[in-house]
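Each structure below appears as structure tokens.
Both of the next two complexes hold chain A, though its partner changes from chain B to chain C.
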Partner chain A sequence: MKHLVNTWFAEQLSEHGMYTNYLADHHPEQMPCLEIRFIDWEKAAETARRLEMRLVAVWAAEGGCHEQDEGMYVYMSFAHPEHRHALVRTLLGKTRREIPSISKHYIAASRMERHIQDMFGIVVTNIPDERRWIKHEHWPEDARPLLRTFARDTRMEQSEGEYPFVQSDSEGVYEIPVGPVHAGIIEPGQFRFLAVGEQILNMEQRLGFVHKGIEKSMQGRTAEQGVRLAARVSGDSTVGHAWAFAQACEYAADIRVSKRTSYLRGVLCERERMVNHIGDIGAICNDAAFSFMHNQCLRLREDMARQHARLFGHRLMMDTITPGGVTIDLSQQESSELIDDTRQLAAEVEHLRTIYADNPSIQERVIGSGSVSISDARDIGLLGYAGRASGDYPDERIEEAYPPYDDLDVNIPQGKLGDVATRVWVRFEEMADSARMIIQLLENLPEGDVLTQWHAPEAGVSGFSAIEAWRGEIACWLRFGENGVLDRYFVRDPSVINWLGLELAVREVPVPDFPLNNKSFNCSYSGNDV
Partner chain B sequence: MSSASVQIIQAVMLLLFAPLAAGFISTCKARLQNRRGAGVLQPWRNLRKLFKKEVVMAHHASWVFRFTPYIVFTATLMAASVVPALLVDTPLSLTADVIALVALLALARFFLALAGMDIGTAFGGMGASREMTFSALAEPAMLMSIFVLSLSAHSTNLTTMITHTLNSPFALHPSLAFAMVAMVMIAVAENGRIPIDNPTTHLELTMIHEAMILEYSGRHLALLEWAAMVKLLLFSTLIVDLFMPWGMTAQADLTGVAIALGLWMVKVAGLLFVLAVFETSMAKLRLFEVPEYLSGAFVISFLGLLSYYMLEVGA
Partner chain C sequence: MMRILKQLVKVGTITEPLGDANNDIEQVGEKLEPIIRKRFAGSLAIRAVDAGSCNGCELEIHAANNAYYDIERFGICFTASPRFADMLLVTGPVTRNMETALKMTFDAMPQPALVVAMGDCAADCGVFGRDNYAIAGAVSDIIPVDVVIHGCPPTPTDIIRGILTALES
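Now for the complex of A and B:
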């Protein structure tokens, strides 16, 4: 089926007196890219905010081969629960690369704007926070790693600098720096607490320690090579990232994958959701010293990983998705085995859930800890389970309803309180729903090929996709250059937005409750830092 | 056998069995969580490993930091020697009473808290502040619960108290029940066990005891960990002594000591197993609820005191 061009946002913008130009070299049609005038940039964001759209991402890219000059473009994309995604871009001035900040309307834009500033040297005017973000102090001030003129193998000089953390000179306020190297086997990132006694006043995150330059090293790769890199943006959501990448490529190249492919992708993605929720619930309980749950969850998680290694050749299901299809297939017997496995798993999870729910001492810890209000959640645009726990329910499986979810009824658990207990509850509910969907997908698995022949689109074509991975929506935008290789890749992991939710959640929470809250969000460091 | 030699045997025994007791708890917990566990000997292996490792110390560490492991270990060992485990009247327990025991433990804690702050890291100070806040509540509650027993024995000397319990006819005293509940609660808190503190956590922000010793390494860390294990065994022995001393021998003869040893092991293992069951079935308390827990223990021991006067004096 061919989608109609989604003109809703363009109409809204023109109603507010903004001129828009629909870009024909961007796909898919249901998530159009509109070029607007530079002077309308902030107004467009304001309009989107008034239309109750949520900010998906802000990023920048130098012009592709369709653009005549070496201009610099800034993109932003919004999503509306009914009217789907819309991308907006504008061309920056040639001499002065400046863009007004939209953080006034969308607070989550701030870090992405800082990222643009760091990586492209674009000056974002009126930005509320002028500090560097991903580019650390030991990088030279004038290094602009994502510009074309910056060679990938450039060796940068190390410079000295200090990151000005938020400070307080009030009496009795003390700082607790935690990280960047943590005691557990987790990723690096620094948390700076301002605390009075045992109460947190403010927690500030300093990320970027696992910046790997994925956006840069994607340039010059073919789609088949690129998907392997995209799968490694964040190892725990490898399926989600690979799917988002593959889908964006397929949209750009106008390839329709077979139904069997999309069903298998759905199975992989929902299994990933289950495996991560199980691990996290165990870890949340362990942070409250309830190690019984942790050990049971570890066992289930390990069982799943082994099952994945057997059926899909990799414990985390890495490299199972490729542009045009999937690299794995399930025989009749394997499929029924996976159905049994999932059914049994769901039953065990339900059993553990009763133990968790009936234990007053763990309930006592999770209930009421780290609440994020619905208005805060909407302001930030919290994604995935973090949003669902607070009363904001964006879910691409329903909003975009990409295959196979057009054949399924996705149930969204609707939390309201936004505390740790609700986030755990949402995860339990999601697991039950995932298990149901996996079984439904496998029982109705259509026959057919799992791989459509991949062919790169013509140069200059871009694609955009939004996939509901286990943490929430992964947005991916990419553009092809000459010879079928990628020219620019941008990915926004849900963590980029949800990290902000954690900062809000732990205000006025006792210091020792922080790990519990951190785990209940479990944002990816790697996905944020790319 | 002289009582002095039993005294030495007892102290060495507490020292050697302490890591085994810690291993016993973690094995019990592992089994209760459907795991195999690392075995009872694991704490011993850990200690051996730590003793072999080099000591890494901050440049600005003062003598307090350097000496604390030795002070803590010695004070805990002294405290452990005061508590009779097998023989009722050992030379040391006749010279030191319960208040001296609490004071020895307080000395160890004092230096631990100092060492936590000495390095100047946020975690050390945080751990020290938490430890001091809680011990200010735990120590009176512990003394109060022991005083319930002292009232009937008319002494704060452990030997006298044990002899009194052994010689008085077996009867259920409500005051003792109160005192025992309070004592167990305090023992859990003092040893940093769940639900107060989690000895196995790696999360610095939630730590109490571990936060203070976070900067220690090598043999210093080994001594501190060993001292913590000895302290756990000491408290178990103290509870056994005060509330169920039956089987302890008054004469230092071989059979008497052997029977006492067997019974002591059974009683302590029983207590530790109960602790393991509790730790498996519970999560940690919120930090702000720990004072409530400790004041609860104080109130319970106070009730024990009251019920002694109301129900048992003159009865």
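Now for the complex of A and C:
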């Protein structure tokens, strides 16, 4: 455990003349929430940027049980490699419904601010992109789904409108509209390409198609009911999302899980990292017609899924994590079986890697394609393997060092070039490291219970967590209301930020190389749209 | 190249063979193949649409295509266009934002078309709930459904069995 109360950011803000107040009903103390004055909002973001902090998220919430004035609050959160996370919030008051944009300092804030506009009707002034985001054109103008006055089961009327895509009237520029139903078996979303000949000039994403009202739907559920929903924010990172949710709940309720629990969670999360990296590497190769790799990777993926079904009762490891613990346990024999399995898997992956690295047809396609420079990666705040490929290395397993990672040494593969080849390289490296950590965790698996009795915190208490899932950092903030049910749940999947990286990467890439780039990022649609 | 060949020989054929009475896939596959041969000239084209899924169902559809299950050996292929698809395989609760796209995909198919609603969400909105402003309804609320496959997500075996049920209906 690092230092207990994190005062660094508050000190920095006060040095710049900003008044801050620690919120006592927010946990954990090492990731504090500071209340600042409304007039300091943009200045606080500017200061964070100057301190080389990265933006974690921007979100809003109506006042909870402790805030009797029915005010509206806007939150933002930043992280620093050495000084960890800090949350900042400001009160909009009873009547004011606008907030200045911080997109000038953090470009990734733009889509999250559009989300706030759509969901709360708060006007974000000076926002560089005023278009709707999740609230598609057929929603009525006055729909504000996350306000208390908006009933969850509201049947919205159908309205008309068209999304204004970026256009070009230059000679020779043509558009390729794609989606929302894609050609393959993947999630829905729209891409609009502007191209000249084979070269992409601009690729624009329009998402929100799989918006399932998860934030609203979570309200009124207990933590134990809610974790089932959190586990389905994005089905491929079900362990990551369930863990982030459970840990935020545990922080809020001041519950410490057993060491055995955290070790098992680590095993689940690292297995999830491996299974997704394997699948994605196969899919990248398939998009370059190297179907041998695709089939080999699918084979390993299936082997893993069957192992998970046997040991954890679910092929994708869904519903294995719950507030207070895990719902699975491993016997001595199962544990050594999983060690052998992981070791063998890592060896198979390494063998496939040599075949991949020696194959000129695939190397020709991935090397140098879709580069994102280190400065662009920092501007956006790219997360996970996308950031690590470009030379920016945020990793919560090191920055926050939550259990079990306080007992492990995490090696971060340090990419530099930021192209498809480097993103694949980072993923191969991460798999080897994950395998090493799984084996280490299982060999040293402590004895003990896997479930601590869950009890809800008092009403009005909030918790925040940041978990390094396989795509990168998942940030989760939630607040409890009366009777132990949640009254606000906010989650930021790493895809919310990494989608911007893909837009940037494919500029000046030939159209046929788009699928390779897309798969190398493999952002989640469901996690973005919530 | 030699290494690729070596790996192929080493792994061998992993596709689970027909005629194994203990294996679900084989029992289902044995029934599936003659129906597809007779009624769909040997090839059943499926268009998969994610109408709001969490992506879990998509992972299992991919798995049904891996070498263990090898759904293609029964004559089943996934197509990019609804224009020549025989079957629509829909996942997820239908979100408000996907409702129109789903209807348009269904309308683009030649009739009669089979519709399979896959997963608990497609069946009855699942964990996301029907009482939700963002959800238009279960798949059967939007387009006519022939068969429902339950599961969160259904396993590849469930998927193949569900497709067989749809063909037998």
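The working rule: the second predicted complex is superposed on the first by the 526 of 530 C-alpha atoms of A that agree within 3 Å, B and C clash if a C-alpha of one lies under 4 Å from a C-alpha of the other, contacts with A are read in each partner's own complex, and residues count from 1 in each chain.
By our rule, a contact is a pair of C-beta atoms (placed from the backbone, for glycine too) under 8 Å apart; a residue touches a chain by one contact, two chains touch by 3 or more.
Nothing here was measured: the structure is a model prediction, and the numbers come from that model.
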{"item": "Partner chain in contact with A:Val196 - chain B first, chain C second, else both or neither", "value": "neither"}
{"item": "Touched partner set for A:Ile39, first chain B, second chain C, both or neither", "value": "neither"}
{"item": "First (chain B), second (chain C), both or neither touched by A:Asn295", "value": "both"}
{"item": "Touching partner for A:His136 - first (chain B), second (chain C), both, neither", "value": "second"}
{"item": "First (chain B), second (chain C), both or neither touched by A:Pro512", "value": "first"}
{"item": "Chain B versus chain C as contact partner of A:Gly184, first or second or both or neither", "value": "both"}
{"item": "Of chain B and chain C, the chain that contacts the larger number of chain A residues", "value": "C"}
{"item": "On chain A, positions contacted by chain B and by chain C", "value": "183-184, 292, 295-296, 299"}
{"item": "Of chain C, residues touching chain A in the complex", "value": "3-4, 7-8, 11, 14, 48-63, 65-68, 78, 80, 92-93, 95-98, 100-101, 105, 126-129, 131-135, 152-153, 155"}
{"item": "Interfacial residue positions of chain B with respect to chain A in the complex", "value": "29, 32-35, 122-123, 126, 130, 194-195, 198, 200-206, 280-288"}
{"item": "Residue ranges of chain A touching chain C (in the complex, touch as defined)", "value": "136, 138-139, 143, 145, 150-156, 180-181, 183-188, 208-214, 216-217, 228-229, 232-236, 238, 279, 292, 295-296, 298-299, 301-302, 305, 309, 315-316, 318, 351-352, 354-355, 358, 524-526, 529"}
{"item": "Chain A - residues contacting chain B, complex", "value": "174-178, 183-184, 198, 285, 287-292, 295-296, 299, 359, 361-362, 364-365, 510-515"}
